[in-house]
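Scrolling down, you'll hit the structures one after another.
Here chain A shows up in two complexes: once beside chain B, once beside chain C.
Entry: the complex of A and B
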């Protein structure tokens, strides 16, 4: 062994003994970030590159600069799907989250005894295959023979077309409510149960009533979990895919189409990879922006006193 | 130490011999991979495997059944990546257009099918063709007929078959007056409209040069007629297939247009009405006009990535032009062969108890030469979505037929220009 390599070897060893504690943790977590870079960051950057081109997946790419993005602004179906998606997101905040909070409060209260009974209810919808569940809902919403319209007929109420232009978004929201309320109940319940009971005891000693306790203890203490639930719900709403696809194939006349559905239609069914990537990036930016606003409003960036 | 090295050396030597032996005998062997989406195709491929082994002992067939949507996303991924595509793929007609954009990853089969052009019903190649190349050869003919409840028709004194649509509409007023529909047409998707469009002599949404003809006077006139059927109650649009089958079972829908496979759907979904159905040629748009159309299909395609294109075509020839195989395929999946000389096979001509012991095969044999041509190309998916929406807008009264189709055509041209 030559003297040079011994020196080199010593240098390496010295470096290793100096840096071992810094490097080893990264090696241990490397399976995560290697996969993350290969399957998330890489495609993300490639999609950004693709979004500046028109390309059907084979043959030459045509560079169009921001052409895909300017086309988006004038694409009636994109704007329709954006509005539909916003509609679902608002619906989720107006229906699913309040419902989940009320149910969580009820379950957490002393009013309800057999709490384990409810546990299966949180998870069953989210564990059920979306396809199977949506097919069940198709039977419920069917115009001619559906459960709801049959029930209406018994009551003498005229049948409604649940999957037509006017009502299809409400039907999609109904399926989403069934599917996602339970898991949000669970989140809220976790938050409620982590509130120290001393706070309520102290408030009772001070003479606070139920409403005052809810207003001044429960709500402020739920802030972190509400933020989490809010952000997750918003992201989930913007990524809604299977329910409108299976219920009405995004229709009729694109009335239930979401951004994610439109991305799939353009990127895959129509083989417009560049345009699909542009839709994906717009989606990502909207989600990022809305999450940021939510975090800001909930004071996530404020320094704790 | 030395002994250990010797043992290791011996093991390596044996291993290298084994590997060498393996590659030597594998040199002539060819494995063809087929991607398909339905168990009814898998059953067919597995059923003919042993026979093919006798003809081509060196060829092994590996069938991979992948769910419909996923199969074509995977195929697209393989084309984008440049690796991973199978040798043969079953391309369903509804997804072919996306694979015709750019440089198609599928092999042009025009020259290979040419020697069969007298026997193979070439009208079916239009679904998979673009700029003179043919990228798929259909498994099936999918001829369209009119299925009808002969009991209800007889009670109303309507004699079938009826020669023209005008006469059909007039004759079925007897049913319409009782609130029974004599047709079912979709108010939101393109399929039923497209069947009638092809029957009327149009090549579809594009002409032979690939120009958009969605807003042509002929297409507009046909949509106006389509709307009039729905308005007058001759046809109903229940919105989804389950409702259609329900209304058929109740006798509220007495007839429907559909391909050969749709007869099977009626049979399976409206089983209680066994013996009450029959099939007739479609009434023509004018005396002597075409009495059928075509709806659906799945083609054999070979990918450009395949290293065994000749073997792949030889296998397709065996599967498609061997009469025993096509009859077997009909038994497995009910798909009628698109090959004229097979259509008079006894096995296809038998009576069907569900259809009042009628021989549907005889009807299909009679209509096969009239199956219309069509031109589709790479923008068909965009076109069909837009036309489906246009039909919906026109039925809802949001737009006139003319305006709806004009808007759809303009948007389609805009999308094609955009590329």
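Entry: the complex of A and C
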């Protein structure tokens, strides 16, 4: 027995010393793939399965085919949350990104000498948690003593109800602008600083003005970073959750509700796990689709890149 | 543009705009800090005060006495530290394997890894919660930490810096009979310390500020993390404004201090995705 185990041990050891380098990389990467399969791939497939069923979280599931999806198409609250989410995404593209680009261009220009003050100053809000930032803004938007209405009062402007149905989406966008402008300034600055200065020197020799340089050098050269910023902003906007939830609990009258808020409401508050999962799959399809369109528009699939 | 404005005027406008935005962004935060030292009645005043008229620490005291702030602070710290340590270990180990070995299916597996970053959180949210219940991990820190610990971005990031580790160094250790794990642990890991610092900062901040996942996984109040407890304070104690603001400020402090200590790593970490794209 003992001699047999020694032989076996020797064989194992010899095998190990021969194949350690072949086996080890798989061992090293396996935790990721195990966790990925258990906590991402599995749930992704299970979400699809759930979305074809009606299930309150306990008891038997009832197969409803595509019923959840067809119901979504006529669910006014879902359509409202979809519109709100699109509104936030458009707002981010029309407001946050242009602002960030202008700030980055100014910081990068030769006009400005104290660059790091602005770079770091704009960046600081991203360090706060969405919860802390939203709590802060909840008070800034307060009708009676909020900072904005206090300021308006000093200027003799009548107070506005920032968290009412008409203005609440603007207020959510304001929180997002406060938090996310700085990080996008950093992204654009990274892009601007990677443009070779020889391009501008050559253009100046050829007599190109500031505008021509901007139009024919800066914009085309910023394309890769703009694609990155665009995809990140789009994905982020479509997953907006904490700001509308804490600012107005998705309301009033669902005016600030996002897709993620509605999914949470259905899946967790109303225990409609199948319906919530269907919302999740619609979100995934929208995000994949829009990412693909952006990659296509920016020519990421073209051969020369 | 050049002809219409002198350079001096251009500069004045540029600085004016940059400072205007900077002040707009800083004002809410300054107002928040000032309000944490105020009595409720002073916060409600029509005329806002920058310096509190009668500054006091009662908001902070009641935060610790009535809300057990210290407990929730430690919960958040524990979760963030365990998350960060395990993420750094798994990410650097896999990053090392992808950078320094060639093995069948490597490219395919790496593509799968990159693709995994595309899975939207909310799509898997409900089934993930069902899974966590089935695994008996609901209301436990393991349930909060485990699903997010092997994020692909960290592996992608560590692979880049592991590639710079000279292979000759690893080979000479092999000749000396070191095991592959030892080579990773004692030779490769110390050489990528700067990259580990960047990743640590990102992982810590992500976990510290996370809201929605601990919100659903943790059921008992005493286990709950800071952001969730703070969000609850808004609903239950709408009137205690000074205290809620004090909580917001204190919860931001660790990240702010980390940022001041490791400014370069922070910024590098946050733009690295943009550069690599």
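The rule is simple: the second predicted complex is superposed on the first by the 273 of 305 C-alpha atoms of A that agree within 3 Å, B and C clash if a C-alpha of one lies under 4 Å from a C-alpha of the other, contacts with A are read in each partner's own complex, and residues count from 1 in each chain.
One rule holds in what follows: a contact is a pair of C-beta atoms (placed from the backbone, for glycine too) under 8 Å apart; a residue touches a chain by one contact, two chains touch by 3 or more.
For clarity, every value in this text was computed on a predicted model and none was experimentally measured.
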{"item": "Combined model on chain A: chain C and chain B, fit or clash", "value": "clash"}
{"item": "Of chain B and chain C, the chain that contacts the larger number of chain A residues", "value": "C"}
{"item": "Chain B versus chain C as contact partner of A:50, first or second or both or neither", "value": "second"}
{"item": "First, second, both or neither for A:209, with chain B first and chain C second", "value": "second"}
{"item": "Which of chain B and chain C A:145 touches, first, second, both or neither", "value": "both"}
{"item": "Which of chain B and chain C A:273 touches, first, second, both or neither", "value": "both"}
{"item": "Partner chain(s) touched by A:80 [first = chain B, second = chain C, both, neither]", "value": "neither"}
{"item": "Chain B and chain C footprints on chain A, overlapping residues", "value": "57, 138-139, 144-145, 268, 273"}
{"item": "Chain A-facing residues of chain C, complex", "value": "1-2, 7, 10-11, 14-15, 17-18, 21-22, 25-29, 31-32, 35, 43-48, 90, 93-94, 96-98, 101, 103, 106, 109, 112-113, 116, 118-131, 146-150, 152, 155, 179-181, 184, 205, 208-209, 211-212, 216, 226-228, 230-231, 234, 241, 244-245, 247-249, 251-252, 255-256, 259, 263, 267, 270-271, 273-275, 277"}
{"item": "Residues of chain A defined as touching chain C within the complex", "value": "20-22, 24-26, 28-29, 31-33, 35-36, 38-40, 42-44, 46-47, 50, 57, 99, 102-103, 106-107, 109, 111-112, 117-133, 135-140, 144-145, 147, 150-151, 153-154, 178, 181-183, 186-187, 190-191, 194, 209-211, 224-225, 227-229, 232, 235, 238-239, 241-242, 245-246, 259-260, 263-264, 267-268, 273, 276-277, 280-281, 283-284, 287-288, 291"}
{"item": "Chain B partner contacts - residues on chain A that touch it in the complex", "value": "54-59, 62, 71, 76, 138-139, 142-145, 161, 163-165, 251-254, 265, 268-271, 273, 275"}
{"item": "Sites on chain B touched by chain A in the complex", "value": "72-73, 76, 79-80, 95, 98-99, 101-105, 187-189, 238-240, 242-243, 246-247, 378, 381-382, 385, 388-389, 392-393, 396, 411, 418-419"}
